[in-house]
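Below: a set of structures, written as structure tokens.
Across the two complexes that follow, chain A remains constant while its partner is chain B and subsequently chain C.
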Partner chain A sequence: MSRRPTARRRAARTGQYLALLGYLVFLAFPLLWLVSTAFKPPRELASLHPGWIPDHPTLGNFRQAFEEQPLLRSAGNSLIASLAAAVITVVIATPMAYVMARHHRSRLSRAATGWIVVSQAFPFVLVIIPLFLVLKEVRLIDSLAGLIMVYVVWSLPFALWMLAGYARAVPRELEEAAAVDGAGRLRALVSVTVPLLTPGIVATALFAFITAWNEFFFALVLLKSPRKQTMPIILTHFIGTEGVADLGPLAAASLLATLPSLVLFAIIQRRITSGTLAGAVKH
Partner chain B sequence: MRRRTLLAAPAAGALLSACAPERRRGAGGRITLRFQSLAWQRESVAANKQLVAEWNAAHPDIRVEYVQGSWDGVHDQLLTSFEGGEAPDIIHDATDDLADFAYGGYLADLTDLLPQRLKAEIPPRTWQTATFGGGVHGVPFLQEPRVLIANRTLLQRARVRIPGPERPWSWAEFEDAAHKLTRDGTYGVAWPLKEPVSATLNLSLSTGGKVFHRGADDKVTVRFDAADQRVPRVIHDQLGGDRTAARTTLGMGGSDTLPGFFGGKYAMVPLGFSYRQQIVQQAPEGFAWTVLPSPAGPGGDQRQGVSPQTLSIAADSPYQREAARFIDFFLRPPHMVRLARGDWMLPTGRTALRDPALRTRRHGWATGTALAGQLRPAPAQTVRGYPEWKDKVATPALQEYYSGAIGMGELRDRLVDDGNLVLARYQR
Partner chain C sequence: MIPATADPARSDPGSADDPGSAKGPGGRVARRQGPAPGAWFLVLPALIPILLLSVGPLLYGIALAFTDSQAGRTDPTRWIGLLNFQDLLRDTLFWESFRIGLVWAVAVSVPQFLLALGLALLLHQELRFRWLSRALAIVPWAMPEVVVGIMWRLVYHPDAGVLNETLGTHRDWLGSLSTALPAVVVVGIWARLPQVTVTLLAGLSQVPRELHEAAAMDGAGAWRRFRAVTWPAIRPIALAISALSFIWNVNSFALVYVLTGGGPGGRTRLPMLFAYEEAFRYGQFGYAAAMGCVLVAVVSILLAVHLVARLKGDDDA
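And now, the complex of A and B:
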């Protein structure tokens, strides 16, 4: 009698792992194919029966990509724009999200929520010309500063919405307990609320970073000087008319372009997990 | 606006001064022209950069700054730059993308800016491709015919007549050849039809197809008559009738068909002339291939539509004369040859086309240059509303027709009825 539920549980667990494995394979497939393509010589790229492991692995695609395009410089530009956008977004969004969470019934908070929803409905092409004209007026066309401002404005609504959700989950009682222990409002915020918000802040920063890192259209339109171009722009230089592409160097450059996001995520994912647990215990 | 400027300026902080755009006129009166090039292949980029360097060395007072643009998103990028008054001085694009910019007044009329030498170098029919509303808004300098890239071994084994520019296949002979080539798991032809509209329209010129008809009131209407239907019907029948064309390539772009072509799955692939570069780079060792002209219409009519690449000058540029001087230098016959070889395309200039480097039989150059005289403006490119007609009406309708989901009657109805509704909005 007692074995049956255990067997059923095991079967269910096996099914869960299989589903997870399938999902992981589905997610990893494009990245693994990218890795495979980056190391293949041109003739293998046009093989009728392509394999995962290159028959004659080569670094030629990486060499060509570096020779033809300023990958390091563009990666540096992307890094500056993305890090700055992530930091500024978080600095602005954190106190705003806190206020929205603590006063979610106020008129201001509801207006902010409405703004968040409405802002998500605007496609890039609708705002780009007015945005271009405004930035031109303040001499921020062809500047990373202008691009960073755009990225912050573009990421802010969703970042706010994300962080407000985290802030709502922090019990108000903890701040009250801190107040009982003699902490002022600011001290309670800094010492109690913000640490509990860490996973949310990290997740929001990651979202803002990746959004900016991958962004193509604003950068294409707003940056004119070659030395200021970001990584997504440089990647399109391997693509010609009618979608014809120099596939090997494109894959090599794209692979390099995915590394910062992966590294960043690997570093801070521990913060997300530990922060979540910390919150759970205190609650 | 001024108040907003004052409010926003401090927010930009210290980065502002570091990132502000450069002034265009330097000390000593030297001017800087921005040249946005869309060249992307290694040899082509090298040729472009080399020519810019040669110009800069010879003209210290007019410096040209080379900016590599991208075909991906170029229309939106240019439109925004034009609206914001920040467009490059010299703009590389293609004639099928120029209509809106030309009619919108964003591109300078080059009629009085270009020297007679350059005007005489390019044939009038090619100038037509960049003429909008009576003004010339671009210098067409590179073009590519659509050709048949064929597996020479399979052609010889099937014992079909090998056509040349002097004696091309008729469409019926092409169908017959595809039939003979289809055997042992090999399809006679693979039509990459991810973008079916330009291929269909441009090839239909050989059968007298026009699709777009301009009336005395200068308004354009869509018709889809017997001459327009001949080429689509051939493709449709090869795909769904005698199965001499592979159905799997319906959603493919040209590059996607190459593995199957190299693997012997397809004997012929209709592709743009520049695809030869990929074939040279990717074909397996010893793979024998050849370039054949596209099939001809009645009376050996080999006309086909093309949308040449162009160089234009922004209407807002304060240095239009200097930009025109650079274009004249950039497109001198030997330079055109270098650009054409870099892009594996054909130059538009008469002298450049006579260059021995482009007359060699190696890699099919001679076949392409022999077709140059038959290239005409693509039927659609001066039609306002064409991009919308293409995306919303023609592309889905042709894809459904080629896949067998709809018949010729419904295809005609959709192209004409829905199409004319779209065009009417642009011609009120």
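And now, the complex of A and C:
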């Protein structure tokens, strides 16, 4: 009797490792193929039996990518839009999130929470048409400034949610103690609360940066002239109207566009999960 | 990307002492209900953009659905009542797109959730190489959607793609009527599988281990333990993430736009792609806004059903 459970447990273990392997393969194989394509010379790309590992790896695709499309300029545009969106988002979201955390039963906080939830269900098309018409009216169409405004509002729900979660974790007593010591309420806020919130603010800013860096739909609608377009839009220009693409440069440019998001996301990933949960656990 | 609106507080005794509670000891009951007058200065910098660029456009968008607004018109836009909606009812292309959108959203969200739940339970165990899955999970999550689309175009490529090479086939996966939708569904599952998995895993890590051990001592099998201990504990998070994932998929755009552009023959034309074309290729702003309204209505109804189910479940518990 005692041997059967062990055999069964071993079989279960094997099954678990097979499932894990399946997951890893499913996750990894498109990524590896992208990397492999980016380093393949044209002759291997045209081969009838493409292999996983390039026989003659080359950086030529990267050089060609920069020659074919204005990659550098689009990266610059993306950088400006994402940095501005990230900074503005946390600057305006932190005070409001603080108020939401401290007065979480007020009508304002309830309305804001309601908006955060509802804003997740917006079909973008219902928001982008009026935004397009309004921004056109004030001549902010086809401009990074207009795009940045849209990005800020677009990352506000998540920023407010995360920051309010962090702000609730700052003990009110600390501020009150500072206030008793003679610092004004605002002084107490700036010198006690903000430093404690800094890690949360940085994580939120990085997240807003990544969101803006990766964004496609708003940029597609709002930016028309090629010299203003952001990187995701320029990537689609590698694909011709007939759907035919120069695969090597396309893969190379895609890898480059992914790197910033990947590095930043690796830094904040744990915080995103814990921030989401912190927001979820405490109402 | 988006907060989970779950409320696991019920299962977490530690969260009972909410520091922001107005009912705390020491006579704090008298604390004002609304923010102090000074608080408005803290709120306005965020509130104004929200009103001007989110709430305003949303209301404007709903209003547009009842007008004949078009791009490049010289005569003024007029109210036309429900005409756009009547046209929508008769527009077979729209209903086809709507049907594809629902099929896509269900075919992505449901298998994705089940896979993620299984994977979360798996990764909750002490397994070697578990770290590898954590590291890899970051990549699809962080990747721009456009790059996910491009990457899978390379995988599905009829000549240079790894899929045909591996299977020994010569299919045009994204270009043929029968395989296009299943092919993009697989990409949809891939794109958010790690995110859903990690969220559920975070929920699992909050389940007290003692409960499991106690249930095991009582002789409960794996399935009983899951039903009686694990599922009730992660249910709020599971419902929240599955609802969000469904909404994200209904509103999906960039992935399929890059993969197929809605083709072949409209087989992957999701509602968002349809509305985008109507609005920004044909300039039919009013008509596209009406489509947006229909989508909002459907998502809201589904969410309401979801919410009612959730509340009912809480009563049972």
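By our rule, the second predicted complex is superposed on the first by the 207 of 283 C-alpha atoms of A that agree within 3 Å, B and C clash if a C-alpha of one lies under 4 Å from a C-alpha of the other, contacts with A are read in each partner's own complex, and residues count from 1 in each chain.
The criterion applied here is as follows: a residue touches a chain if its C-beta (ideal position, glycine included) is under 8 Å from a C-beta of that chain, and two chains touch if they have at least 3 such contacts.
None of the values given here were measured: they were computed from a predicted structure.
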TODO: Pick one for A:A251: touches chain B only (first), chain C only (second), both, or neither.
DONE: second
Open item on the list: So in the superposed three-chain picture, is A:F216 touching just chain B, just chain C, both, or none of them (first/second/both/neither)?
Closed with: both
Open item on the list: One more residue to check, A:K228. First (chain B), second (chain C), both or neither?
Closed with: first
TODO: Count the residues of chain A touched by chain B and by chain C, then name the partner with the higher count.
DONE: C
Open item on the list: With both complexes superposed on chain A, which partner does A:V138 reach: first (chain B), second (chain C), both or neither?
Closed with: first
Open item on the list: For A:E68 in the superposed arrangement: first (chain B), second (chain C), both or neither?
Closed with: first
Open item on the list: Looking at A:R107 after the superposition, I want to know if it touches chain B, chain C, both of them or none. Which is it: first, second, both, neither?
Closed with: second
Open item on the list: For A:F29 in the superposed arrangement: first (chain B), second (chain C), both or neither?
Closed with: second
Open item on the list: Between chain B and chain C, whom does A:F39 touch in the aligned arrangement: first, second, both, or neither?
Closed with: neither
Open item on the list: Per the contact definition in the header, classify A:T236: touching chain B only (first), chain C only (second), both, or neither.
Closed with: both
Task: chain A residues contacted in one complex by chain B, in the other by chain C - done: 45-50, 125, 128-129, 132-134, 149, 216-217, 221, 236, 238-239, 243, 245, 247
Open item on the list: List the residues on chain A that touch chain C in their complex, please.
Closed with: 16-17, 19-20, 23-24, 26-31, 33-34, 37, 45-50, 52, 91-93, 95-96, 98-99, 101-108, 115-117, 119-134, 149-150, 152-153, 156-158, 160-162, 168, 171-172, 185-186, 210-211, 213-214, 216-217, 221, 231-232, 235-236, 238-239, 243, 245, 247, 250-251, 254, 257-258, 261-262, 264-266, 269, 273-274, 276-277, 279-283
Open item on the list: Which residues of chain B touch chain A once you look at their complex with the stated criterion?
Closed with: 1, 4-5, 8-9, 11-13, 15-16, 18-22, 34, 40-42, 45, 66-68, 70-73, 76-77, 79-81, 83-86, 88, 94, 194-195, 253-255, 258-260, 262-263, 265, 272, 274-275, 278, 281-285
Open item on the list: Quick check on the complex: what are the chain C residues that touch chain A?
Closed with: 1-9, 12, 15, 18-20, 22, 32-35, 38-39, 41-43, 45-47, 49-50, 53-58, 60-62, 64, 69, 118-119, 122-123, 125, 127, 129-130, 132-133, 136-147, 150-155, 157, 159-162, 165, 175, 190, 193-194, 198-199, 202-203, 206, 236-237, 240, 244, 247, 250-251, 253-254, 257-258, 261, 271-272, 275-276, 279-280, 285, 288-289, 291-293, 295-296, 299-300, 303
- [ ] Going by the contact rule at the top, pick out the chain A residues touching chain B in the complex.
- [x] 42-43, 45-50, 64, 68, 125, 128-129, 132-134, 136-146, 148-149, 216-217, 220-221, 224-226, 228, 233, 236-247
